[in-house]
Every structure is written in C-alpha cells, then in structure tokens.
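Labels run A, B, C, D, E, F, G and H following the written order; every chain starts at residue 1.
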Amino acid sequence: MHPDEVKVLLRGIEAGTTTVDEALRALSALPIEDIDVARLDTHRELRQGMPEAIFAERKTPDQVIQIARVLLAKNAGPVLATRVEPQMAERLKAEFPLARHHEDARLVVFRAEAESRLGRIGVVSAGTSDRYVSEEAAITAEAAGAEVDRINDVGVAGLHRLLAAQDHLHAAEVLIVVAGMEGALASLVGGITASPVVAVPTSVGYGASFEGLAALLAMLNSCAAGVAVMNIDNGFGAAMFALRMLRTMHR
Amino acid sequence: MHPDEVKVLLRGIEAGTTTVDEALRALSALPIEDIDVARLDTHRELRQGMPEAIFAERKTPDQVIQIARVLLAKNAGPVLATRVEPQMAERLKAEFPLARHHEDARLVVFRAEAESRLGRIGVVSAGTSDRYVSEEAAITAEAAGAEVDRINDVGVAGLHRLLAAQDHLHAAEVLIVVAGMEGALASLVGGITASPVVAVPTSVGYGASFEGLAALLAMLNSCAAGVAVMNIDNGFGAAMFALRMLRTMHR
Amino acid sequence: MHPDEVKVLLRGIEAGTTTVDEALRALSALPIEDIDVARLDTHRELRQGMPEAIFAERKTPDQVIQIARVLLAKNAGPVLATRVEPQMAERLKAEFPLARHHEDARLVVFRAEAESRLGRIGVVSAGTSDRYVSEEAAITAEAAGAEVDRINDVGVAGLHRLLAAQDHLHAAEVLIVVAGMEGALASLVGGITASPVVAVPTSVGYGASFEGLAALLAMLNSCAAGVAVMNIDNGFGAAMFALRMLRTMHR
Amino acid sequence: MHPDEVKVLLRGIEAGTTTVDEALRALSALPIEDIDVARLDTHRELRQGMPEAIFAERKTPDQVIQIARVLLAKNAGPVLATRVEPQMAERLKAEFPLARHHEDARLVVFRAEAESRLGRIGVVSAGTSDRYVSEEAAITAEAAGAEVDRINDVGVAGLHRLLAAQDHLHAAEVLIVVAGMEGALASLVGGITASPVVAVPTSVGYGASFEGLAALLAMLNSCAAGVAVMNIDNGFGAAMFALRMLRTMHR
Amino acid sequence: MHPDEVKVLLRGIEAGTTTVDEALRALSALPIEDIDVARLDTHRELRQGMPEAIFAERKTPDQVIQIARVLLAKNAGPVLATRVEPQMAERLKAEFPLARHHEDARLVVFRAEAESRLGRIGVVSAGTSDRYVSEEAAITAEAAGAEVDRINDVGVAGLHRLLAAQDHLHAAEVLIVVAGMEGALASLVGGITASPVVAVPTSVGYGASFEGLAALLAMLNSCAAGVAVMNIDNGFGAAMFALRMLRTMHR
Amino acid sequence: MHPDEVKVLLRGIEAGTTTVDEALRALSALPIEDIDVARLDTHRELRQGMPEAIFAERKTPDQVIQIARVLLAKNAGPVLATRVEPQMAERLKAEFPLARHHEDARLVVFRAEAESRLGRIGVVSAGTSDRYVSEEAAITAEAAGAEVDRINDVGVAGLHRLLAAQDHLHAAEVLIVVAGMEGALASLVGGITASPVVAVPTSVGYGASFEGLAALLAMLNSCAAGVAVMNIDNGFGAAMFALRMLRTMHR
Amino acid sequence: MHPDEVKVLLRGIEAGTTTVDEALRALSALPIEDIDVARLDTHRELRQGMPEAIFAERKTPDQVIQIARVLLAKNAGPVLATRVEPQMAERLKAEFPLARHHEDARLVVFRAEAESRLGRIGVVSAGTSDRYVSEEAAITAEAAGAEVDRINDVGVAGLHRLLAAQDHLHAAEVLIVVAGMEGALASLVGGITASPVVAVPTSVGYGASFEGLAALLAMLNSCAAGVAVMNIDNGFGAAMFALRMLRTMHR
Amino acid sequence: MHPDEVKVLLRGIEAGTTTVDEALRALSALPIEDIDVARLDTHRELRQGMPEAIFAERKTPDQVIQIARVLLAKNAGPVLATRVEPQMAERLKAEFPLARHHEDARLVVFRAEAESRLGRIGVVSAGTSDRYVSEEAAITAEAAGAEVDRINDVGVAGLHRLLAAQDHLHAAEVLIVVAGMEGALASLVGGITASPVVAVPTSVGYGASFEGLAALLAMLNSCAAGVAVMNIDNGFGAAMFALRMLRTMHR
C-alpha cells in the first residue's frame, strides 16, 4: 500500500469520514486470492507489469485450469503456462478454446498482448536443437508485447554465420543468447555487441555437459564482461528479465 | 569495419585515388596494439563504450603497468584494474600518482569519468561481509559515469530493513543485489520491484556454502521471474552488465 | 533394559526365586520380531513414542503387507507406509480395508491416532508444486496426534502473502517450511518468527536446481540463525523431528 | 508492529489525541540502527529472545567493535561474536575488558546471561578433533542461559562409550550431535533416544570427507527418523536452533 | 608363462628336440579365445580361481549367450551373469535349462560349485530395501563354494538388532556390510568386530543420498579403522574380494 | 574469403571490369544456406575436408531430413547423422534408400567415401559393452575414407590380450581408445606405443562411475604423457579428431 | 562382556559368593578411560588386536601427549600417531625419547611389535610422489608385526616395471596398491594376481585429479573384480584393513 | 623385446653359440634402472622418442637430482622437470650448471634438442594470465626439437585479434589452445581451422570456474567436432601429445 494512500486513509479518520474499522479493513486488504489449489498474487501484474505465468510441472491439469481462470478474471494482461506436457495441453485447449499451444516451447498462451509496443529483443540460438528454449523465450516476450527478432543457428563452429547476422545483433535493445554444449556463443555475442546479453544455457550435449552444467559454468565465466546468466533451459526467465529492462526503459 | 567505410574504400579504387595495396592495408588494419606482454583491443571502448579493465590476478605488476600505459594513451575513457592485491596496488600508485586504490574492492582506478550522466544503479548488499563485492560493483559503475545508490545490510534475517528501503529500490533503473550464504535477497528484491535485477553471489558463508556455490544455485533458481545471475564474487561483471543496460537505455 | 529391571532380576537370583537360566533368557530377550522379510524393531514405539513407518520404495507389496501386519499386531499406535506408488497402494487398500491412501503425499496410513493432543505444527509451503512434500509432513504429523495448521503458497515472489499469514506462524510451536527452487522461504520464516524452523527442500525447479540441491544448500546456509534442515523431499522426516519436539515439550 | 498497536494509534487520531503526522512517523519507525558499518536489527532480541551474534569473518576489527558497541547499548541480553581469529580476539579484549575469548570455539562473548534458566541441552561429540565445533555450540547455549551437558568422545568406533552415556542422553530436552568423518553418531543417538536430535557435521576427516560433505550427506540421510541437520561446522546455528526450542517450550 | 616352462622350452632347442618355430609358437600361444562378440580370457579361472562373470548390461542376449557357451566349455568352474534384466533372463533360461535366475539379485548362475569348502562369509544388510545388493553378494559367494551367513535388517536405527547378532559377526572370516542411506552400519560392524569388513554402499535413499553417494562417502570415511569399500550397489565385487581372501587363506 | 580472391576483386575494380556493387555483393556472399529448420554452413567441407554430420538428438525426423537433403546437394563428400534412435532411422531409410543404418553405433550414413585413402586408425575398445561408442568412431572414420583396424575387448583385467595385440597398436598412425569403468586402458596403450592416443570414456559402469565421469577423470589424469581426451561416449568426435590428424599428415 | 563371564557372575550371586552390588558394578564397568582431553577405548586392543592410533590432525600436542601416555600404560601393544606435522613431532620426541618419527609418512611410532609374525603384505606404489602414503601403510603394518615387501615405482606408464615384479606380487598374502593420477595400477595388479587387493588413491595429480577424486573413482570402478578401496591418502587405514585380514588368516 | 630379437636368440641356442643361461638373462634384462629413490624406465626414449620428464611436485630436491642424473647418463635426448617451485629450481641450477629455469612455466630444462626438425606447433593462448600454461607447452615442445609459433592474447572478447592471426593458425601442423574462464577459444579455433586442436583448460577465473572445471567442461563439449582435451593446466601433456603426432607424421 502506497504511503499516500495511507495518509488519505488517516485523514479520513481525522475528518470523521472513515471509521477505525473501515481503515483497519483497508489496511489489511491484501491482494491475495485464496482458492483451494493456490494463494494467488493478483496484484503482481500491477506491481510488475509482466505476464502472469503458471509453472505447470508437478501440477495437475485441474490445478492449472483453476489458477488460469482466476488470473484471466482478475487481470487484463497476458496469462500463460510454462512446462506444459502435450497431454495437459490437450486438456487446457479443451477448457480454454482461445488458448494457443506452442509444443516445441512447452507453452500454452491463454491471453497475449494484442500489440508489440515494448521494444525489440534479439533471441539468438546456437543450433536447431536449442530451439525448445529459444522459442520459450521468444513466445513469452511476444505474448507480453515485445517485438522479437529470431537469429537462429549461429553457433560458433561456423563463425561466419554469426558475423553475417551482426546487423540484427546491433539492432536489438537486449539480446537473449541460447546455447548448449560449451555455450561459447554468449561470449562471442558479448564481445561483438554493446547491448546487455542474457545468456541461457541449455541441456543439449554429450555426456560431460551434465545436463547443461558445462554451458552454465562457461556462461558464468564469460570473458566478455557484462554477460548475465539464467538457469539451465530457462527461456521463460530470460524473457521476463528482458521485459523488466524494456519496461524500465520505456516507463 | 563498417560497410560504409568499405564502400568508400572501393570507390577510391574505382576513382583511382586509392591503390589496391593501400586498400588491402586498410582492410587488414585491425584495432590491435601488440605490446610484449599483451595484444590489446584498443577499439573496445569505441565498440562498447565501457571502461577498459585489467584483470590483475596472475599478472605481474610490470605487465599491469605496461598494459595500463597503453590503455590510458590510446583511449580517453575510464581505465581500471580488478583483483589487485595490496602489494601490487603500492607499485601501481607509485607509477601512476593519479590512480586511486579501493582496498576493500581490490580495485585500482587509473582514470574515471568526471561526471555521472548515465542513470542510476541501486547496489544492494545483504551484510557487511559482502561489501568487498558490492563495492567492486559500485566503484566500477561510478568510474564509468553512473550514479550509484548503495543500499547496504538489508539481508533477509531482518526483513523490515529491506521493506524500509523500498523507495530506494523503486528509484533505480537497474538493481545489483549482492549476497552470500543462501542468497535469498535476490528473490526478495525481485519480488518487490519491477526493475531488472542482477544477482551476484558472494563466497561468504559456512562450510556448505562451498565458496559461494549455495548462493549461486539459489539465485539461478529464484522464484521471482526475471533475475539474472553473475559469477561468484563478480561485482565488476555486474557493473559492466548494468552499464550495458544504461547505455542502451540512454543511446 | 533399564538398570532397575536388572537389579530386580539379580535380587531374584540372590533370593532364589529366579534361576540363572531364567535370568540369562530375560537378559537376552530383545524386542526383535524376525519375520521372513524383515527383522522388526517392535519396541521402537515404546522407546520413541512415534508412528511406525515402512519405507516402501524398493520393497515388494508382499513385503510391505507382512511388515504392516506385524506392526499393527505388536503395537497400538499409528502405522503408516511412505513412498507408496499408486499400484502398490491398490494392493494395500485391498488387504487393509481401513487403510487410507493419500495419493499426493504418497502415503498409506494403516492406523492413526484418534485425537490431536500433542500440540500444534505449522506446515508452510512455498507453492502448489511443493505440496507432495508438505502433505507428507502434515499427514504424518496428524496420524501421530498433532494438530496441523497448513499455510500454503506463501513463496517469496509475493511477499505480502507471507506477511498476511504472520499470526499463523506465531501460533505454531514448531514450523515445517517446505520449498523448492531457491528455498528462500525458510530464511524468511526464520527471520520473522521465534519458533524452531525445520526446513525441507523439495526437488521442484529448473535445471540448476539439480533435483533439490540448490534449495538444500540454501537452507543449510540460512542467514536466519537456528534453521535446521531435512533431506530433499523428506516431509516424513520433518514431521518425525517435529513430533520428537512436541513429545519432549509435553512430557 | 502489532495490529493492536495500530488500532490504538488510529483511535488516537479519531479521538484527536494523535495527529496524522505523529501516526505516520510511528508507523514508519522501524527498529533499525544505521551506523556507518552496518544497519542493525536492534529489535531482534525482543522478537526472538536470542543472543545477538556478529559473524566476524571478512569483517575488520573496527567493524566488529562498532557493531558490538551498538548491540550492547541497545539491548540487555547476551552479545557474542563468532569465527573470531586470535589476532582479532586480542583487539576485542583490549576494547571490551569484560569480554571472554574461547579460543577453541573461535568465540568472543561480550555479555552472557547470568543464570541458567532455559532448560538442558546435551552436546554430544564424536572425537577430540570435533571439539572446536561442539564448544561453539555449548558456549553459545550457555551464554543464552541454557544448561549444557557435554558428552564428549563417544564416536561409534567404540560403541560402549556411547552406551555408557545413555542416562545423559535421555536427560536432555534437545541433543546436539557433532561429528566429522562418516557422521554416524547422529544416527546412533537418534536411534537410542526419543528427544529431538540436531546434527552438526564437522570438516574433520581424510580426503574424501571433502571438508565435511561426507558427514553432511550421511546426516541428511540418517535412517533414524527425525534427525535435523545444520551446516558444516555450524555449532553456533545448532545452539540457536536448540534455544528456539527451549524458549518455545518454556514460554 | 612361468619361467620354468621357458627354461624347459629353451633346453628343448638346445637338445634339438624342439625346433625354433615350435618354441616361438608356444611362446606366443596366449590364453585368449577370440569369438565374434568378445575376446575371452579363458585362463582367468586358472590364474585367479574365481567364477567367470559376464556383465550383462549393454550387451544383447545373443552376446551373453555366445560368451556363456565359451566360458562353460573352456573351464570347469562356476559361471554367472550379473545385471540381468528379467527379459534377458527369460532368453538365457530358455537357452541354458540348468541356469538359475535370482531375480532380486539380477543374477543368472549358469554353473555353481557343488560344495561349500572355502570358508564362511557374513553378509550383513541394513534393511529389506538393500537386499537386491546383499543377495548379489551372497549368491555369487555361494556359487563359488563359500558358506554364507546372512545377517539381514540390522540397521543402526534399532541398535539392539545388531548387538543381538554379535555371535554371527564374530564367526565369519570376512564380513560384507551392505547399507544405503547414511551407511553407518559399516562403522558399527567395524567397531564391534576384528574381522576384515568390506562395505558396499547401496543407492537406496531419499534425495540427498544422490544415488548412493552419501553412503559411499560415509563408508570411505569410517572412523572404525580398517573398513574397505566397494562401488555403489556392487555386491558382486564384494563377493569377489571376499573370495580372494578366502582362497588366499586356504591355499 | 581468401586474401588472394580479395586482391583479384580489387584489381577488377581498378581495371574497371568489376563494379563496386558487384564487389560488395561478392564480399558479403557468405557460405550459408538458410533453410527453414537450420542455417547451414555449406563450406565446412571445403574448409575442413571432413564429413558433414547432423546431431539428431532433440531434432524431429523432418528437420533431419531437410538438413540431410541440403548437405547432400551442396557437397560431394560424406554425410551422416549421429545419435539416431531406431524410430527415426526407419524414417530416414524410407526417405533416403541409399542410407545405411548402424544400430549399435546410432549412426545413419547417407553418403560415404568410396575409397580408403587417408591412413590407418586403430580403434581399441576395453569390452563388448563399449562397442556402441567404438563403432561410432570406427564407422565415422570409414565413412570419411580412413582405414580402420578394430582391436576389441582388450581391457586391463586380462592384460595378455592387450600385449598380444601390440603389432596392431604399433601399425596405426593414430589410436582411439574407448573404455568405461576406470578407463585404465588409455594409460596402458599410451605407455606401450609412441603414437598419439585419443581416449574416449564411456558411460558403462556401476554406480560410482557416475555415467562415465570416473573414466573421464582417469583419462584426463593419465600418467602416460600425451593422451588427449574426448567427451563421454563421443566416438564421433574422436573420429573427427583423428581425421584432422590424418588429413594434416597427408596434405 | 562375554556371555560366559555374565554366567559366572550370576552363578556367583546364586552361590552367595558375589553380592548384587558387586555384580552390578562389574556389569557396568566398561573399558573406558576418561581423561580430560579424551574418553579412551582401552579394550580396543584386546577386541581387535591392532595398534592403537591417535589421529593428530586438529589436536594440540598436549592432547596427543596425554592420550599417548594412557594408551602406553593401559596396553602392551603398538601405539602410534598419524598425520603428525614436523613441529608436533619435535614435541612428541622430546616427551617420548623412544618414539620414532617417520617424516615422509607423517607418523610417530611410540611403541612397535618387536617381531614380524603376522604374514606378508605387499605395498605397491605407482610413483615416487606417492610414497608419503605407501610409507604410512608400510610402517603401520610393520609396527603391528607384519612383514612388508615394498614394490615401488611400478606405475603403468612403463608396464615392464610391473611385469618384472610379478614374483613379489604373487608372494604376498594381501596387496596394498597406492596410486594417484588415474589410479590404473590397482586394476593392473588386480588382473595379474589372485590375492586380495586394497587400493589407496592418493591426492597426487594435475588439476582434474581434484585432490585424488579421479583415482578414487577409478579404483571404485576397477574392471578387475575384487578390488576394495580406502579413502584418499589413507595408507594407515589400508594397513589396518590388511592387518584384520592377516589376523583372521592366522587365528 | 622385439620378436626378431627373440628369434636371433633362439637360433643362437640352436646353433650352440648362445647358452640357455645367457638367453634367459637376455630375456629377463628389462630396461629398468633401480635407484634408491625411483625405478627408472630408461628405454622410454627409445620406445617413444620423447623428452624424459620428472614430475617435481611432492618430490624432494634430492630425489629430483638423483633421477635427473640417471636420465642424463642413460639417454642422449632431452630431459626436463615440470612443476618446479623457485626454491627447488635454485638447487637444481646449482647442481646442473647447464640447466635452464623457465620460471613462468615452472620448468627446468636439463638438456634440449639442438635443432628444430620435427615440424611446427601453434601454441595459442587466450590471455596474459594463461601464459604459465602456454609457456609450459611451448618450451617442452621446443626442448624436444619442434618449432613453436606462439599466438598469444587472442581471447574471444576481442574476436578480430583471432581473425587477424588466421595465417598463423593455418600454418601449424597441430594447434595447442590454452584458455581459462569459459574456454571458448578452443571452439573458435576448431571452427576456423582444419588442423587437429588440442585444448588445455587453465585454472584462471572467478569463483564458478572452480579452478578450471568450467573451461574443462566447455572444451569437452566443444561444438567444433574434433577438439581433444588435456587435464587442467597441463601444458606439458599437450606438448607431449603434439610431439607424438609430429613424430608419427615424420617417421
């Protein structure tokens, strides 16, 4: 609750237009919606201006459906679910006919922004096998109203592919770089550009990638100063970080 | 080399004002300064507009001195050295009387921006023991011309300290959150604010912090969507990332 | 065997009312029930006053059934099985019509205490996805006769949800805090309350949670002094620890 | 701030005895002491009734001295510093003549409770080499007013030593078990007693103890249900947890 | 080839009874059977006097069948296959009607010693869930002609079960101790007995057992001097080690 | 683009036979084929003279088919796909009737070199269970025109098998050594021969092999100086490395 | 206490020659010597027939001296201290003029067996750098009365050195194999001999040996069935294990 | 011993020119020099044609001196010591006036090849801080008679530095790439060139490089097919591998 609102409330008591009980109720009215399956933070959109997302892993379809209903009702902004397995996606599409399922990205978008008005994010991926993560980032960002420029398959084994895409790199306000194996692409992009680079390691790789650990450590140790890192396979989080930046830039 | 410069060069040949040899030389003239101890990338400032930094660990004082000399001569911007041990700092201050040593932050700043004109970074730290990292971030950012708001000692064990500092959190364009032990502060700040949050784990902690691994993993797994993470104790990198953001915002 | 019992036995020999052979037999009569599939410690309830639990993983349904039968026959207290897969639960319910299966918690309760008379445990969970662990804790505690107050979905991304539940936190004699991802909730609860906090990391999370390792390390490094930690996903163990505390408090 | 205090404040405005400005100031007056080197949480004692502790690692003697002064002035309860190296201890004793240095435990106690009135903690250690941790626990607990029963050198290689100490184990309201190497002592004590067992792994051991990791994992996996675990070498934290229990029992 | 055999060969040349070519052929005749799917070491039995074992994992049933045929034909001793999945066991039993499948132990014994004449091995297990490993050890040892005393379910949570089995422990010439979770049983047995103790960690346990790593590290760090350790779940290897001891004792 | 080609281009402008626009187009024409599913590096064969390989894991059959088509059309050399699951292999064979599926090696070879003219690679494996990796190496090398000598099943448990194969070891220009478990074979081969040894750890082994980590670390620490190591199970990479060597030797 | 002793005691009561109080005292008289610095298990020698060892790490010289005095007084067998730093060794030699310091092995032997009468242990080491561990094993074994055959510097890089020592390997009743780096020597010795092999990894090696982890994992995964493993650098433990074997063999 | 030599020996017996005893002596005369401190493999040079190296870590100066003496006397080729600390280097230079100490590389070269006649190795390093490893590789290679082209400071943060050095990369027969932090340079060089690339991770980096683990994993996962990897900081091993290649090429 904003201090100014508190002041108004207190002045109301002083003026006799508000009773103490009314004020107490107002002070304790927290933006929480308590449904059976979850305690929802319905003011998060107001507070952070970002899409409401449901982490579907380890939830039942019924839980996801109930949560999605409340989120769609209580806000006007974008709502989506991440880590949705095909079977659950079927259930969700049956329940929400307008929802759109992006199978590669394991996303279901219940409601997206109608227009792109937030600025431009470059989503760079190293190989075709990394697209399940880069698409998670791209579609999340688009759902929230950002413009996305996909720069796919520019891994470091064929360096000229990346060099040929330099104009795209320079045009973006923020870059999300998605790579598995040795994750070197993040350092390359960081060295070429002046924009902030958000690196996302993927779990793509042979044995000693240890499910993405190799790329994660490589990105954390990037010699190109100013590369920040997300959790393994967390394309959604990278988009959320980029959206925080764009909203701050454009506020 | 920018395509337009190439075009000008080629038109010179066409016009007969440039010889093929001159053009070849120009095409191969790369912005590298090759001194005995290093091969310096003297155009990095132009390309990325950020301070030139010398990673002093495992270098001799003589190597750092030679590199600093070239960087100071070839650019006009800020120049600093990171991970400087006290003994080396003595040598550097003797050689560069204008250099300033920040002992806690293990930094030597050879030249800083005169004015703050880049925007405001909030540097948040969990405890007094984390300041060697938060100061590395703060001083690097200030040297590059950013305004820094230090919000120290707001670790989660005494939550009201953080809540009392909310105005400071909301006023920053980007937040750097520095914490050791369980690193929970990054999630808290991420949940309260809408700004981008760059988390820096520190190696402060008892046994099973494993030199910062606990905080690193915690920050990578933050449930507050949109928190990006730097390497352990890498305050310098966090500042560089924030500077990339501010420069992009203000370009 | 209690020293006083030994004294009685020896006095019996001295008095001639007990033969040496009888005494030897008594001294070696250990509270062990040796059935084909297991060597059961039938005095554990007397010794520790807690529910007898069968760890069902890697056991066959037949083994669990035989063990459950002996435990139900030899004691009067609560008996339950943990880590029960749905298929095994079917077999157990067919065999023990009074048994109750809690699918989310992977528990089968063969016999529970009729009344709650042990004191109050607060079971706090960070998100809906963590409930398979928090319910394991809550149902185990209830089966043993504790009163359980469930405080669900109060993860740190929406801090006001936790602040709104403070009365519940203060009312409990011991708090079990269940969280995956970065596990920060344990530190928050530890900072707000004065009660003992038992933290349980869950294996919920993206890649670098490494199946709960991130939350485990975070909780072990909690900056809120006085937080103790259980194994990953070990809701049962947390309940058992809390029950030891309540029994000691109320003895 | 307690809801009842808020009510009183609001009624004061309603009655005209409190001005809006006074109320606003009261509402925002947070228990924080902001000195140069730290932002101190001076109400923690009231909130949690436990000793104020300064984690001395990575702090300068001056920082510790300043913080200790404020804590001694603002509260009446026990104050101590943990992880104090001998050199710093000399400085602290010079500054605070009443302070007591426990070298083995790396503790400096600035002020302790005069009486033991909180109940009895059993502090069990496996070997002489583990005493630097068990003493950290014991002295912290004593400083806070608990009675401590030390049960030293009862490691599992000579089992009869532990069996001979059973009466001591049963007499304690809570047991702190300190062990390095394979950490088996925690399971043994957990199996013998009905009291809550807080296990503290130490970093004592040969190569593959990996600085206490072996004992930590062993304790987390204890087959004696109801053993909770602290960070490696964290005797202080174990005492704090036990104190939370005793205070809850005796409130 | 034994030096004496070489001497005989050379003397044969000297005497003219052996040609150089015959000698060369003899010198190079190595005990290798090269079949399509494997290069078999058919003298291993002579050299080491132990059962020939086929590690079935990642082999096809056909490969196992071909190898088993050669081993049965070339030696007279015991032959068995380890890590046999049920489906492969069906194929093997169809092909070798005399083979015996031990499902729990994942073993198929093609041929066993008829008599027990090697000495006595005690196989101790902590819980019913560990039997898939303890039985692998026990059956391998029996197939090679050792007498096995099974001491099951004597985990440390109910210490009196182990104490009651002390006579069995003392009677064995070598003890194999199988335990998961915290693996403390190995230290206990090592402390009670004077016999050599071979510890086998199992992958039984909750999350932070990390598939047996916790028990492995605990056993390597046993404070009972003189406990040696096998790989996780390697009951077969423990039996082979014990057999080496018994053969050496009885040679 | 080779410097000489640039020179020709510039001289053409000087001579008036090339326009500036034609030259700019030529300079920017990069050897990239951008199809929907991938951005292909079609000059890699020219640049490196090695087979084009498609990493099939996490790709759909359609993606692999489209990429294979372009690679077959744009080059004349060998083309293959690695990590092909049986189901995908069916699809590929249906689409490319000339393709050959090597099930054990998880390879599909779309086009191979007709002749062996590159030199001889020795592919050494420790056991039958390691062949899925050694065959990946051998078939890749053969597809590229190398002669392969397979030396299978010479693991260190039966040392004479390796000693009997010494002539084969000495005859190869480069040796690929494939072993799981403790990976000792690489050190043995390195000690016996003077040729370069490329070691490939496999994920074959019991628990504490940790999916090949044990063999990987062992090979990296080989006391036979001059053993280089590939990723776990990466037979393909080992072949590619050996091919680089043979091409360099024979250029 | 042996059951027969209990019987005698009870018959004494029955016969009136022993009072109940005397019997109770006898039953509770445990072989523990409680001195200020430790609780000593003075019957361990009787129980296990092995040298009493003091682990000197993290103990003060005074603590070691007091413990050594009691052990020398209460038993007649060998007494030694392990992990003794040079400075402490000076103190111990000053106090115990008959003590012998073995600097390489970090051992101080206070009292050794006069004769070798236990059998023969072969102690095999891979390189000169591993001798600090192999000597710890050899000297411990000799102090306890075993005959030791040292077979040094037979690492696998020069295989003929090991083959030349085969007679020594076959002559030992038990083999202790000490190796760092990749630890392959244990597998080699295990493959050549039929005796039990106790492998000790050392912390000798380059970076990715991770202080002995590489050799430890390699030895645990030995393909030579029947190799058991000790903790990293634990030569003492290997000797103790071998002594258990020899005593069992010769009892 | 070569089969042809055996044949000659046997024919000598047949012909009566060699006695059986002479032949036996010859057959058992192994190329081992057994001095007090080591068992030297004096035929390694003949067998492998590479420099003899003494791993100085954990050896005393006396041990290194004795070993160096034998190696210099028994062979004519290069002899060097690795991992030599400054103090030991002083001792060695005093003893061997012709020895040369390379402090950065921690090498002492006792005797080097007079001429470069083996071919050309490119030694590429990412930064000045990595030179302690790249110089170890370069000087070892030069001592053995290879020509070395040093390509320093071409890390990926300033990509044009590497591109400007392409001619050097193409001219080498084998490339050793030395890099710390994220180790991306190996992938870049592998993508640009067709030569074999031997990657050496260094322990240079911030916290989560974990002493070189990050670079090691990155290099093992290189997406540029055909990059082989050495142990962390093992410049010596990389040179030995390259020398094996050059000798094979030029034999």
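In this section, contacts are C-beta pairs under 8 Å (C-beta built on N, C-alpha and C of every residue); 3 or more make two chains touch, one makes a residue touch a chain.
Computed from a predicted model, the values in this text were never measured in an experiment.
Fitting chain D to chain G on Cα positions gives a rotation angle of 90°, stated in steps of 5.
Relative to chain F, the chain whose mean Cα position lies farthest away is D. Taking A-H and G-H together, the pair of chains sharing more C-beta contacts is A-H.
A straight line joining the Cα centres of chain B and chain H is 38 Å long.
A straight line joining the Cα centres of chain A and chain E is 54 Å long. Residues of chain E in contact with two or more other chains: 127, 157-158, 205-206, 208-209, 213, 216, 220-221, 225, 231-232, 237.
All chain pairs that touch, listed by label, are A-B, A-C, A-D, A-F, A-H, B-C, B-D, B-F, B-H, C-D, C-E, C-G, D-E, D-G, E-F, E-G, E-H, F-G, F-H, G-H. Listing the residues of chain B that touch chain C in their complex gives 126-127, 155-159, 180-184, 187-188, 190-192, 205-206, 208-210, 213-215, 217-225. Across the interface of their complex, chain B is touched by residues 28, 30-32, 37-41, 44, 55, 57-59, 63, 67, 201, 203, 211-213, 216, 231-234, 237 of chain D.
Of all the residues in chain F, the ones that touch chain E in their complex are 127-129, 132, 152-154, 157-158, 160-161, 163-164, 204-209. Listed in rising order, the residues of chain E touching chain H in the complex are 3, 6-7, 10-11, 13-14, 16, 20, 23-24, 27. Remark: chain G residues 47-50, 53, 173-174, 193-198, 216, 220-221, 225-232, 236-238, 240-241, 243-245, 247-249 touch chain E in the complex.
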